[in-house]
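Labels for the chains are A, B, C, D and E, by order of writing; each one numbers its residues from 1.
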Amino acid sequence: MKALTNRSKIAVDKEYTFMERLYFPAIIKGMMITISHLLKKKATLRYPEVQKEFAPVYRGKHVLKRDEKGAENCTACGLCAVACPAEAITMTAAERKKGEEGKYREEKYAEVYEINMLRCIFCGLCEEACPKEAIFLTDEIVKTSYDRQDFVYGKDRLVEDMNKRIDITKRQKKY
Amino acid sequence: MESNNAEHTKIVEALNSRFASSIKEMGEPYGELTISVDSSNIKNIIAFLASEEMGFSYLTDLCGMHYDTTDELGVVYHIHNLYTNTRIRLKTRMPKAKPEIDSMVSLFRSANWQERETYDFYGIIFKGHPDLRRILNMDEMDYFPMRKEYALEDGTRTDKNDTMFGR
Amino acid sequence: MIESINDKISGENYNTINLGPTHPATHGIFQNVLTMDGEKIIRAESTVGYIHRAFEKIAERRPYNQITPLTDRLNYCSAPINNMGWEMTVEKLLGVQTPKRVDYMRVIIMELARIADHVICNSILAVDCGALTGFTYIFQQREKIYEIFEGICGARLTTNIGRIGGFERDFSDKTWKQIKDFLVDFPKAFREYEALVNRNRIFMDRTIGTGPMSPELALNYGFTGPNLRATGLDYDVRVMNPYSSYQDFDFTIPVGKQGDSYDRYMVRSAEMWNSISIIQQAMDKMPEGPYHADVPEFYLPPKEDVYTKMEALIYHFKIVMGESKVPIGEVYHSVEGANGELGFYLVSDGGRTPYRLHFRRPCFITYQAYAKMIEGSVLSDAIITMSSLNVIAGELDA
Amino acid sequence: MGVDNKVNIVAAPEGHSEPGFFATSLDKAVGLARKNSIWPLPFATSCCGIEFMATMASNYDMARFGAERLSFSPRQADLLMVMGTISKKMGPVVKQVYLQMAEPRWVIAVGACASSGGIFDTYSVLQGIDKVVPVDVYVPGCPPRPEQIIDGLMRIQDLIGNESLRRRNSPEYKALLASYGIE
Amino acid sequence: MELTELIFKGILVVIIFAITLVAALYSTFAERKISAVLQDRIGPNRAGPFGLLQPLADGVKMFMKEEIIPTSSSKWLFILAPCLAMITAGMSSAVMPWGGNLIIDGETYALQVADINIGILYILGITSVGIYGIMIGGWASDNKYSLLGAIRASSQMISYELAMGLSVIAVVMMTGDLSINEIVKGQPGGHWNVFYQPLGFIIFLICAFAETNRAPFDLPECETELIGGYHTEYSSMKLGFFLFAEYINMFVSCALVAAVYFGGYNMPFINSMGWSPNTVTIVGTACFFLKIAFGIFFFMWVRWTLPRFRYDQLMRLGWQILIPLSIINVILTGLGIIVFK
């Protein structure tokens, strides 16, 4: 057929040269290549003894952030749930009572906040949707488990521990 | 229809001279020549376009549609002339009660599975198709899932609180 | 017992054999019922749909920005191309002009994705021929592409990279360095791989002449991409309908001669070299500028503004809730996916979700020729042909 | 070699040791052998299959756990790794493959789709393979990183190592299989 | 035969059998490790130090696995097949001369179980019986893939047996004896047959690959095409026997190549070191095993480098290239013998 453009270039050569006909030159060449890898440094990462450092923007397990005083940022606006393509997030909102100012930053808070980690596709849209800097994905991976029920992460596993704060400033940087 | 594209003008003229009665609407949204035609004459029109004279020898895409406002089904064809690099979109509509249209398999072999897929999704019968069966879904399925009235979810999902998403 | 194995077709004793759906060489899951005369295939029939996931139906129920993660899972070997194809489709519908820098960044990502995809196809072709070692060499390079993606968007395979209007963030210095390193490392490893496989007579004997295709027939069957180019016809969406500033780059279109497995393999090889050169050109010419277009209706405002400015907060809510205004209309946009022309036919009725979104999946259209291609050949050839067509199940069944 | 020394070699099973003599319960020894010789059957249907390839390739090397010999024949496999979406059309095939496997057999659901259906809550997708076969370990992620797949494999190893030889004959196990309609 | 010799032979049989088994066992481990290092990986390293207990783990696991005999199979043949494969594989090492003579208390003991004067024919014969194991196994499974594997295996075996026999004939012509021990003795010091019979050696080596069903000739199993070929339906230790037989065959093939072409237990300068005869014998045996080990490494090296042939290409290679070449080799050898002797 007529060519469509003038940029085409034939990329194959199917004619065997005499040496190629003999099988052996190519075989010996190939074997030399493989044997040269015998002493090369192995590429293997010895997980779990050695852990690779993930990119700072890696989308792994979620965290519900607290502010500097330890109050939860989440106000249960539900944007993350709406933004979730897998519909993995559910929450119940509650009104903050008097005396709980140290626990919750805004007047509303999430009484129940659950992410179904088996449903989650780690797309990061919830993080983008959050207007309150509450939910972030971290560079931790979600652990495997034996039971399907184990994967519904409630607030006990999502809210960050004040003693082990997770640094998310790198995620927010837009370079 | 006025067009700045000389190729489009030529095609429109050629079609108008032959199939004036079958053409319902023409337009150029986003620079793509779009022609709505009568579904009963679609095979002749495409055969004419695919002939050597017009050179639209390539069926890029064939897909079904469900217009739920008028309760009509439709088939949309994208055909392509590779040498002039022109694309045409041909749209047809047919009543949902009698969704029948001619098959394109004799012109383009690539239409075979695409028509089966369209049948699978929308229940459009392609007359003259050699092997019109479901392709993606199970044979036992008794409805055409892409029609607007059918739900997306299968209802067996147990780990989701639907009230969150307003369903 | 022999009687139970054979069944009679038109008076002759032929075997039927099920190639798939869990056969090791079918990678994804395709079933082919083969009628065999000894090792020779008399007739083949393909069954697909084993991972039909109803993409098009989901797309009718999701707002525009939530469809990007969906496209990841079409051709998962080269997810970024799908992501960007979709974003460009929406941009076309919205009439958004992206800055040059975004175009160039997209070109880099898409060409990296193309390399990642072709690496899988070519190395798996060798694996199916029985040579496993080359696969491990070249896969180490693929791992580097993953790292680059991870640094940009945070995921390895299903990237959800880019947003409508541009990128979610600019490339970091580390990413630039990774890409530069990749451009140095990959050619070395790839040359080694090619030395191991390309001119090995056993490999050539296996692939030359298997599953040949003429350009006329290929067009009739709807081939695009490397599979069409292997037959000798130089159709490439990047050249015919340039998108994302592909017209700025200088590259050739590698074509084959007979459209057999070796042609497909070599065309993919040559395309990888082309991709390397395109990435290099894009790096050299990279313009300065913003990393996203100015589309407040679709591109999320920066977080600081959301906290402080009312207008930004409103846009933020509108985008997340999917309430942004979308024009009514229909648009078809196609990109050169790793396996061929990946098209998006989008019909909008102005609502928060697409009224209809149809994916033109090259694998689906190409694969229907497979049964015809293997008829008359032997079982081994059928497997090589399948590998060299690079049919991705996710894209096939949608 | 610095890293080499850090490798966690499997500890010898608890037992009774005297010079030239080491006694341990059969359960433990067999468990130890089984867990270090897992032959997986990769049932890779989509994206997770590509990450599985990455796990098998040089950078993550699942061979370290003695699990690199893929056996595509279900008769020879110990571990069914279901990776990727399983549609309703595919469901019976998964079950048949499971039935063809020889005891003891384990199943690991890799990725969101196989575990729960993931993003594809649609009419055509099975909402988790635990609807057709019993699953031992779930690996979250879409797709999971190779680290997570290895993690899942190590969980399976723990499970195998602690399993009693008679578990497969126990009424509980039979009841579990019966709940899936498997005799 | 005297009683002491009988006891000695008995011990030797046990030792040889044990060595063969251990060698085969550790070949599986070597295969995994060598493939790993050639592919920039580490390979098994969890089971025992450096993963050395990996083969044991595999063995125990296979022993404890459920036995499945498909209902549609012919039960007895299904069970017979792996036994046959294993027995014939084990038998072939009987005529191999593992070393020279040991002199204990003035008595001379040959490190060979049976020095039968048609040793070469015996090995060729036994290996061709071994193929029945594969054929029967493939047929009895009542699985189409297995059947295809069995057919491939048998026709492959027939075509390569011929070329193999012809290439050995050239060596036999030079030695004038069919006994393997005589052939080994005919290559003292560095006068290995490989230098006199390079063409015959290459043909023999290629045929050895084909006979043992190793890549690039592993068509009967051929994972990507036939799943497991003849052993697709086999589980537990019956599969273990098949795999084991394959590795024993490889070990024996390497031993045969080493004995016929690389001088067996002969090494250059070994006799000029002034060692006692017993030391020479022991060092010679060690050398023989070193040669075998290298042979096994070579088999694996090739396997992890090359793609495999297609069935018809394999046949063409066998009938159209190797057999004519081996006939030419016989003629050349005959001419050489006439001219030089």
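To be clear about the criterion, a contact is a pair of C-beta atoms (placed from the backbone, for glycine too) under 8 Å apart; a residue touches a chain by one contact, two chains touch by 3 or more.
Values in this document were obtained by computation on a predicted structure and should not be read as measured data.
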Joint neighbours of chain E and chain B, given as chain labels: A, C, D
Minimal step count in the chain contact network, chain A to chain B: 1
Neighbouring chains shared between chain A and chain D, ordered by label: B, C, E
Relative to chain C, chain with the most remote C-alpha centre: E
From chain A, the most remote chain by mean C-alpha position: E
Between chain B and chain D, centroid-to-centroid distance (C-alpha), Å: 45
Chain centre separation in whole Å, for chain E relative to chain A (CA means): 50
Inter-centroid spacing, chain E versus chain D (mean Cα positions, whole Å): 35
Geometric centre distance via CA averages, chain C-chain A, whole Å: 22
Residues within chain B bordering two or more other chains: 82, 136-138, 145, 152, 159-160
Residue list for chain E, restricted to those that touch at least two other chains: 38-42, 223, 227, 304-306
Multi-chain contact sites of chain D, meaning residues that touch two or more partners: 7-8, 58-59, 61, 64, 70, 72, 89, 116-117, 119, 121-125, 142, 145
Each pair of chains that touches, named by its two labels: A-B, A-C, A-D, A-E, B-C, B-D, C-D, C-E, D-E
Of chain D, residues touching chain B in the complex: 88-89, 116-117, 121-125, 127, 131
Touch list for chain B against partner chain D, complex: 136-138, 145, 150-154, 156-160
Chain C-facing residues of chain B, complex: 29-30, 32, 34, 57-61, 63, 65-66, 76, 78, 82, 85, 87, 89, 108-110, 112-114, 117, 121, 134-138, 145-146, 148, 152
Of all residues in chain C, those that touch chain A in their complex: 62, 65-66, 68-70, 133, 137, 140, 147, 150-155, 158, 160, 168-173, 192, 195-197, 199-202, 204, 208, 215-216, 219, 232-236, 239-240, 251-257, 262-263, 266-267, 269-270, 300, 302-303, 306-307, 313, 316-317, 320-322
Interfacial residue positions of chain C with respect to chain B in the complex: 48-49, 52, 54, 56-58, 60-61, 92-93, 217, 219-222, 235, 240-241, 329-332, 334, 341, 343, 345, 347, 356, 358, 360, 364-365, 367-369, 397-398
